[in-house]
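Naming follows writing order (A, B, C, D, E, F, G and H), and every chain is counted from residue 1.
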Amino acid sequence: MSEREWRVYLAGEIHSDWRQRIEDGVREAGLPVAFTAPVTDHPASDDAGTGTLGEEPESFWRDHMGAGVNAIRTQTLIRAADVVVVRFGDKYRQWNAAFDAGFAAALGKPYVTLHDPELDHALKEVDRAAQGTARTPEQVVDVLRYAIEGKLP
Amino acid sequence: MSEREWRVYLAGEIHSDWRQRIEDGVREAGLPVAFTAPVTDHPASDDAGTGTLGEEPESFWRDHMGAGVNAIRTQTLIRAADVVVVRFGDKYRQWNAAFDAGFAAALGKPYVTLHDPELDHALKEVDRAAQGTARTPEQVVDVLRYAIEGKLP
Amino acid sequence: MSEREWRVYLAGEIHSDWRQRIEDGVREAGLPVAFTAPVTDHPASDDAGTGTLGEEPESFWRDHMGAGVNAIRTQTLIRAADVVVVRFGDKYRQWNAAFDAGFAAALGKPYVTLHDPELDHALKEVDRAAQGTARTPEQVVDVLRYAIEGKLP
Amino acid sequence: MSEREWRVYLAGEIHSDWRQRIEDGVREAGLPVAFTAPVTDHPASDDAGTGTLGEEPESFWRDHMGAGVNAIRTQTLIRAADVVVVRFGDKYRQWNAAFDAGFAAALGKPYVTLHDPELDHALKEVDRAAQGTARTPEQVVDVLRYAIEGKLP
Amino acid sequence: MSEREWRVYLAGEIHSDWRQRIEDGVREAGLPVAFTAPVTDHPASDDAGTGTLGEEPESFWRDHMGAGVNAIRTQTLIRAADVVVVRFGDKYRQWNAAFDAGFAAALGKPYVTLHDPELDHALKEVDRAAQGTARTPEQVVDVLRYAIEGKLP
Amino acid sequence: MSEREWRVYLAGEIHSDWRQRIEDGVREAGLPVAFTAPVTDHPASDDAGTGTLGEEPESFWRDHMGAGVNAIRTQTLIRAADVVVVRFGDKYRQWNAAFDAGFAAALGKPYVTLHDPELDHALKEVDRAAQGTARTPEQVVDVLRYAIEGKLP
Amino acid sequence: MSEREWRVYLAGEIHSDWRQRIEDGVREAGLPVAFTAPVTDHPASDDAGTGTLGEEPESFWRDHMGAGVNAIRTQTLIRAADVVVVRFGDKYRQWNAAFDAGFAAALGKPYVTLHDPELDHALKEVDRAAQGTARTPEQVVDVLRYAIEGKLP
Amino acid sequence: MSEREWRVYLAGEIHSDWRQRIEDGVREAGLPVAFTAPVTDHPASDDAGTGTLGEEPESFWRDHMGAGVNAIRTQTLIRAADVVVVRFGDKYRQWNAAFDAGFAAALGKPYVTLHDPELDHALKEVDRAAQGTARTPEQVVDVLRYAIEGKLP
């Protein structure tokens, strides 16, 4: 069997260390994974438009410009990914995470959700279109290990 | 010019009368529109799985079954639509609305968002991929009139 | 809301009356559904090639010719369907039913499986890619009623 | 002419040594092939869901979880493959093999079936959509040698 | 079962009455078929460019203009067809018939070839990608009757 | 042969009567064509955003809003069209006409350009991807008559 | 996070040094970008057809041949690109730039426009479908740095 | 500008040295091209089925088996190619060459034809969908040099 590099996009929440925990777990497991993600520096993400394309006094258009620049990154990387992980935290509305899940679903790209049981009912459509729902980053590592190497922890 | 029937899918919030107001406005304007929507009866929607495919004691799987049955309707109708309107209200997390927007975006299907300015920053990615953001159902009617008949109110 | 005709393809087992029961239930429920199906006359289906394109002494090629002619019907109708129902009975191997399910899945077309619990483990991949698993034709009618009219039985 | 690495996915039966025989034959022939396959460790495959995402007492949902995790692997690798080989053995129902064939067919991806003549009639639809039907792993090696290097054995 | 109108495109040879014979047979059989075809008036087809878009003295460009105008018709109708019939006669090279077959094949659209056995070897690639090879227009009628109504002659 | 209604989208210049001349010619010829077009009322088109979605003081964003609302109409109708006609006049830059041509080309949708010879060199890429270049609206009518009925004028 | 090479296609104006400035800026920033572009040698581009495929006295067909050969390059590279930058200068009509933008938009490929504010109104449709509008090559570098590395200047 | 390897598939005639001449010319020009092609050993190609999958007495099915095995190679390589060259010689009917051209056209893949002027009228549809028509292998080399390096000979 060939050693294939898997491309995994880590979408969603940017206020906890879940990406780091997945990357650490994958590195320890020695899995051939190339991770990608949205920009996780919140202030940079908010200034993505005005910080590159110039000033804009109106907040709606400032956000609009920023979201456009961010989409260059996110849509390119989601299209290029083999698997997407979509994390929902307990704060903020995180509609972009659900948007990314719908985007992946329409492309026929498998994704896994990662969130606490408290969010289950609200996320039922998003979870249904996923290939699985994990509760911890470590479970995501286990899913990736199985998908890539066929081994259980 | 031919009179073409436009298929418009009304996604999102199910706790206010915004769909009715759009349908009323479109009827008054005499526009050739066939509307579709998710099931807006909240209890029916929650029981979509167990009410059709049988009992299920676990809430996670009950939701899972229901979301599958709902997806037969929603994904079929979104794929069949010319235009999607995505409404975000001020209550609940409404991740399915954002999911539908991402689904439409990946299919290259034009959509319009409908929400209050308070939600602008949280919805910036969803608004950016839309063809426009409306604040009232009447504005959506105006957009449809323009798109279909080329007339401003 | 518009009255849309739904196209439902009934794939799989041809040795019981499940199609008739679904069609009867849908008619009683007054749902706007146009059903399609593979040829369910088993001898005709087996002779589809030699009965149209000429004699063939070798059984492998006779089957090959017949399967080609049948595929004109089945692939056209599956591509044209909104929803597919895939029935697995308790006899025969029914690999064509599973093939049709995989074909629908790759096209992003929603389908529902219909089979007894005894087959659950063997059909787990096929069920996973479905939007739901029904046990009786009446449950399929309930799913269609819900998907089309948003009503529970 | 360039030396291109071919990606070949080996779908289906997991209870005999056919994959090993194809890989051995391809290595002896010196063909540039990278093989992929589903997880062939049957117990691991059955525990793919509960072994990664947590306990589940109900067998239907246990299978459902497992099939979801397996699908991350199988659908990713089938989409990434140039050619698929689909093996049907003489035991079990192997509906997932037929599902994979239908999935490949709908994607326009060429596949070869591998099975005994006893299964010909039952597999006629699956064979018809294939580019060829082999009886032995060695014949599959011959097909790959021809497709890749243009040489007959 | 619903009565669905099937769209059948009749590609290829324009020097014999095969289209008329298929249409007559289908009408006698009472099948719901809407036929389309390329322009079969040879002189008109040759003048399709200069007769509409203006004079052109060079024969290469005259053909080029004509083929462009013909393609508006042929590609639109092939894309809109459910099934394509591709006829190869015993005269001329008929490369456009083979081109249409390749075009249909890449779109995943089922087609049937119609030609004498003398052409079998030369047409083997074109026949292989077809769902069947007929020898007479009447056999094509039989295939359509079976595909549409599930009945053998 | 069936009478099929052809959907023709008339893109480009909005300052001369070319659309009317094509529609008149098609009506005189009795062709089954349903025409669609962008909004050709220039002031309405410029106000498409602010006239429906609310005030906007900045001209860049006013244009941005208007172009979004216009795109709901144009992209929907181009996707729904069988054939596109793209007109370039002698005034203005008409980049949206070239944009529509590129959009149609990437979708594999046949289009015809309509412009004077003075623009030939500047439009060479746009003309190359077209199925033909007409100089007068009457020539476009002739092309449509040929494509639909197979008759030369 | 993995270091991924981004493929960026630089479309449009060929009479100023904007491409060089973007490439210089990207090299200084150390970004992993592989740039592609149309042929920017204007005389070579005009002779692309006759310089390779032979003489042609008529200017329309000379342009036609040249545009065909150029399209081999441009369409291949646009399809292969992650991101497209489309530059409009203040001279010439540059319809090919707008054509490329429409082509990219229909493929769902993100692009950025680059032009002076004087062109804003004429380019509103092209800008609307873009992910952003830059005024200077340095802003494009900033957008690429952000999209690739998540850093603001 | 990056050095990108171009994948060029050489379809069609297998009885003259045109492929070798193109490969020689490309090597001399130092172009980064990886060539692929169908199997050009005529006897091997005719035995592709029986030489790999077993005996078959009937010539129709022998050809059918062979064409299936050949299609694994040809369709995989055409899908993977950036550019296709389609050669028509003066002997044989070469319908597979026209089939490959139609296949490439439907995929939106650019191709160049290579043939003598005597075949122009018969090949007009195939030439029309091409990006250019060459008369000699050296012209094809010139086209590739231009497409890849932007230089005329």
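In this section, a residue touches a chain if its C-beta (ideal position, glycine included) is under 8 Å from a C-beta of that chain, and two chains touch if they have at least 3 such contacts.
Computed from a prediction, not measured in an experiment: that's the story for all the values here.
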Shortest contact path, chain A to chain H, counted in steps: 2
Magnitude of the superposing rotation for chain D and chain F (Cα, nearest 5°): 180
Copies chain F and chain E - interface residue numbers shared by over half, same or different: different
Duplicate of the C-D contact set - from E-F, E-H or G-H, the pair where over half of the pairs recur: E-H
Of E-H and G-H, whichever chain pair has more C-beta contact pairs: E-H
Centroid comparison with chain H (C-alpha atoms), farthest chain: B
Gap in Å, rounded to a whole number, between the CA centres of chain E and chain B: 42
Length of the line joining the C-alpha centres of chain A and chain E, rounded to whole Å: 48
Centroid distance [mean C-alpha coordinates] between chain E and chain C, Å: 30
Shared interface positions of chain C, touching two or more other chains: 68, 71, 106, 108, 133
Complex contacts: residues of chain C adjacent to chain E: 7, 34-37, 39-41, 44, 47-49, 51-54, 65, 68-69, 71-73, 75-76, 79-80
Interface residues, chain C side, partner chain D - complex: 59-60, 63-64, 66-68, 70-71, 74, 88, 92-107, 117, 119-129, 133
Residue ranges of chain D touching chain H (in the complex, touch as defined): 1-2, 4, 6, 82-83, 108, 110, 112, 130-135, 139, 142-143, 145-148, 150-153
